[in-house]
């Protein structure tokens, strides 16, 4: 299995551990990721609010490079995925748009190279069956709420999962030996850049999600988006302080949880880079496993 | 030698003001076949008609052209006229020189006259090829079939039976009663549904002219108006209806419990069961899917305890064929599947239910003995939220149409919540409140005013569980503010949709259905209970969402149509139908799928070829079904099919005449 | 003798000896080296007449119509186009599947007869136009198959894309140019109806063009009547033409009949969705059904 | 034939195949409403537009009409349920085929005109008459006579 | 409240309405004002007009009021509204288009947000990728709140999450060209 890989800007900065864990996990699972050379920013989440054509053209360049190579593109970041998918679909739907975009990016893109969410690739191309056979440190008794965020499964006609009650990440957690916890905020929006630009709007949105996860009885949150991650993880203490709450909810990229279950070193997966301590819970998991082994 | 008479009408000055009628009549004399031509002030008036009749006799005319108004106006008049003059009615053609000529070309008499002459020329050319056609008759079988034993079917059957005709009612379920039996109270009077339905069920069951055929389905329909041959599959009941007394011992003793469909799976029934206590016939059936005996061969308790030995495990489905003169489709509706609304969590959250579930919760013989209780924990809900238009008026996930009944039954539900639960709140999320019906708006007004239900204009976007509450997010669009309600129970006013197998039945009988699989009436205004297939009528929600009074009214209307048909011994058929030239037809069957009335099938004929008898297939037009559209004639490459009165020869002659 | 000819003769012999069929329809060498007309073999000793070469053009399925009232079974060799013709005739209910034994032959594409006649035996001959346009060189239905089955599956999976450049060239002309073009073509027509007679979509008991009493068409051999014939024939095979090109090959006046047929195939595909005649015998014919969402141009 | 060569006093002759239930009724309504249009059309009544065999259309051109209009009920309104859907398919093809052999698109047209569309009937036949008048007599597909 | 004269407002709003409809491909007339968009909107609590009200303004041609509202700037583009709309109206796309047009017309109700997006795109144009540290610094400096979020800086640098230098792609000519080509086609960036 081989895919073009589009990490996106966040994965080389705030979401560096998403990049690290993705690459490690893909390697362990035998998926070859060919990082698009000299990839550019997809424009999320500013370009589409400024100019529609620019919003389509920026992702199109990356897709065009993948198309030349004959590969579909695996995209970890939900926002990048959404922008790339939108481009792919508009190009496929309209020959005229295809022509315009190819002229703007000065490359050919016909919509043949598809934008694929990394989660989709793992769950639907590789398959849960194959993943679960490779699990050697199951996430036993770890209660995880899956937070898909707003962009991963929308709009419904393009999605690889149900837009209202998606299941793929939950099923993945289950395949990793963890306990998926159902909750109602799987696709509620975390406010994206609002936490940075307008915290009085962004913080209440984050608060709602963290509270819901806590109330659902989760030990931690799994996510597929670097912006969601920074809102839920980096901002967690800040938001907690504002609302007088202590959530202590570690947030993981789903790839990190996969890495842990596949027996990779948590440090090497980048888990120490989180703001809310996540290593502790991993340690507990390993200790419990150790006790089970000796017992 | 054919002798055509041409009669040009002035229509007072309606025609003659713009067309030189005398000249047209004069011109006509030179057309091939014309033996006589004249003009007159009013052809349709008595003296005009006499003029025609007289000319037929005196001039020995054998076919007539009347150049006057539109045939849509006076063709019947002139057909009668020449008939009484001794000619076959179909030896008439009309040239429309009024609507299509004088009235639209008032200022150019010369060219209007040329045009009128052309139109007459075409009519003459056509009439030269006309043939005498005879209206035939088909016998009518005096027996009606009603498909579906809900309130619409029951009403139709009763009305037909009371008029003295025999009716068979075929019902798929073990009992008649349909959806209305599941309903607790009816709007706008709040009288109990069972109290008004069950007497009708008894009436229909006891009526000497009615045969109830329950637990049965239509297997095949052949034939046409007056003569439908219908095969009915009587599903194996596993209980001998004659021997069973309906004592119910078997039901009591049956060890297998399964969720009751009638109770919306909120309560159990046995594997041998009647759907509800007032079922008719009140004799059980065995649900073989869940019965222990049928699954494992062990058990047989019901058979052992039956005092009359009525339980018969060896029963098999039985096919019976009967001939009917008319059919009423009254197959009812299904509920939309609300689980497509992931955002509402129907199917995931136990206390998010449909209106029909709620009916059963209200019902004294339902799962909660008439107390409104939550399915999840049996608690009495304080805050009940109703959401309207779930599946209706929703192009994205549901149906584009309005389900018509939900506004009223939701008002009823909200009223009953407020009436039955002390200190309760009933919130209704709506987009519009549609109450056109006698006493309906008054009922709705009482719901808000007297009963204090709170109506919030807006569609709900999300429901989720928080503890034992259901959080409902909506917008109060009148305030322009997002709102949230902590509810104990949410009731979805679910769309009415066509039965899952609606299309199958329509295809079997041969009538049409719309994009939502509701049956299509012949005309939305003027033929609302007829279908395009003669002898097949519609009643109730199978034609579109309807409430009880409307279903009953439509059922009675359908019954009148049936009675009208059955009151005759035979009915005349229009002779303008397609005919097959058997010598030419190669039996390719291209005509079969283009016929909208399934009037064409292929039949096998025998013929002698080189001293051998061979058989071959040819098209066969059913004169009872053919309506004379001519679609088949164009599908037939070799022109083996031809439409009488509009034959290929006639149309070609008209085309040629136009250019002579 | 070619490998395929040998195989053909063997299987024909076997079928006749075993009595699987009473007659085998194949091709034999004709009067000229570039002709391989149909052969009807009913004795095992005659099978050596059968040949397979670059000129086995005739669409043999059409001959089955003549055997409609024949009681016994017939075996027939089918190329891709013959097999589509067979399906076509099945759909028209003109033959009974159980009365026919089909022997499939993979077709590499045949050579142009007219060019062969013109250029002589030892020249480099081009493929026939109909074979260049062919999208289904391999039989779609058969009881026996004389080629390599695996190769067949591979080929079946990759249908060749249709080439409509010749049709497009005419579409690009002005109306008057188009009219002049077709008038020139059909002025040559002698109304011999050879095109109809070989056509597997023409299976009427009595063709409209023979119905003098109705007067669909005048006897006069003029441009107008000839074009009535051309257009009517084209409409009659619309959605049913399997593009075997036999009409054009049979035409003694070299009228490009396939240019009309292909135009209809192209328009049907564009208007009502991709459809290839003679592929799926269960499917509905393009002019035998409709879709409420068909293009609307008549508002 | 250019306008200059147009014969004197030439008037186009246009044949309209009108279905009995919609277009014929629409033409009646145009009359009842006294809506004027050029006297060049001749209406041939058929039960349904689905009855109109393409051979009739070619025949009309052969015999010398200058234009043909096939008109029926709007899709969905056919008196015979589905006849006009077949008409639509058939004449979408036929129209293209006629143009392919060089018939000018204006010469053959198809339209949906309902029984209530008297004004539309007037407008359609006026427009077609004017278009064809501007083009001159039809010579294509015509009998030599 | 001021009475709106609807006929005049409708006439006045036509041009912009046509522009919005063309650019977004969204027909506002499809909306039947059920409010499901607002009901599920995670940002509705902070808006001055609900998303449904924006649709209503557009329906009536009250374009200036729509373009001047904060709402269009607060929309987080999460698509919840479009996903759930029973009339399949792409409300999120409408918001996006209104924002683009508002900017073109100089109606910027939320200067900070606009600044953020401007800086973001500048960074992309310059480097081919977004330089997050630069973006945050720039945003806070231009936004006159230089110390906001500054406490994250050091720990982010330590965790390797913020690079002091921008990530660039070697030959950014291609991305610059994309910007130039979009501008050539009338894009106002």
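As written, the chain order gives the labels A, B, C, D and E, with residue 1 at the start of each chain.
Rule of thumb we're sticking to: a contact is a pair of C-beta atoms (placed from the backbone, for glycine too) under 8 Å apart; a residue touches a chain by one contact, two chains touch by 3 or more.
Note that the coordinates shown come from a computational prediction; the quantities given were computed from them, not determined experimentally.
Chains making contact with subunit C as well as with subunit E: B. The set of chains in contact with subunit B as well as subunit D comprises C. By number of C-beta pairs in contact, A-E leads over the other of B-C and A-E. Greatest centre-to-centre distance from subunit E is found for C, with centres as Cα means. Of all chains displayed, B has the C-alpha centre closest to the centre of the whole protein C-alpha set. Distance between subunit A and subunit C, defined via averaged C-alpha coordinates, is recorded as 57 Å. Chain centres here are Cα averages; for subunit A and subunit B they lie 53 Å apart.
Inter-chain spacing, taken between the CA centroids of subunit A and subunit D, is 62 Å.
Annotation for subunit E: residues touching 2 or more other chains are 45, 80.
Among the residues of subunit A, those in touch with two or more other chains are 163-164.
Of all residues in subunit B, those that touch two or more other chains are 343, 462, 594, 635, 648, 652.
Pairs of chains meeting the touch criterion: A-B, A-E, B-C, B-D, B-E, C-D.
Of all the residues in subunit E, the ones that touch subunit B in their complex are 32-41, 44-45, 49-50, 52-53, 80, 84-88.
Interface residues of subunit A, counted against subunit B in their complex, comprise 162-165, 184-185, 215.
Note for the complex: subunit C touches subunit D at residues 170-171, 175-183, 208, 216, 218, 222-225, 227-228, 230-232, 234-235, 238, 260, 263-264, 267-268, 271-272, 286-287, 290-292, 294-299. By the touch criterion given at the top, residues 54-55, 58-59, 62, 75-76, 82, 85-86, 88-105, 110-112, 140-144 of subunit D touch subunit C in their complex.
Here subunit C touches subunit B in the complex through residues 68-69, 92-94, 203-208, 211, 214-216, 236, 284-285, 287-289, 292, going by the rule given at the top.
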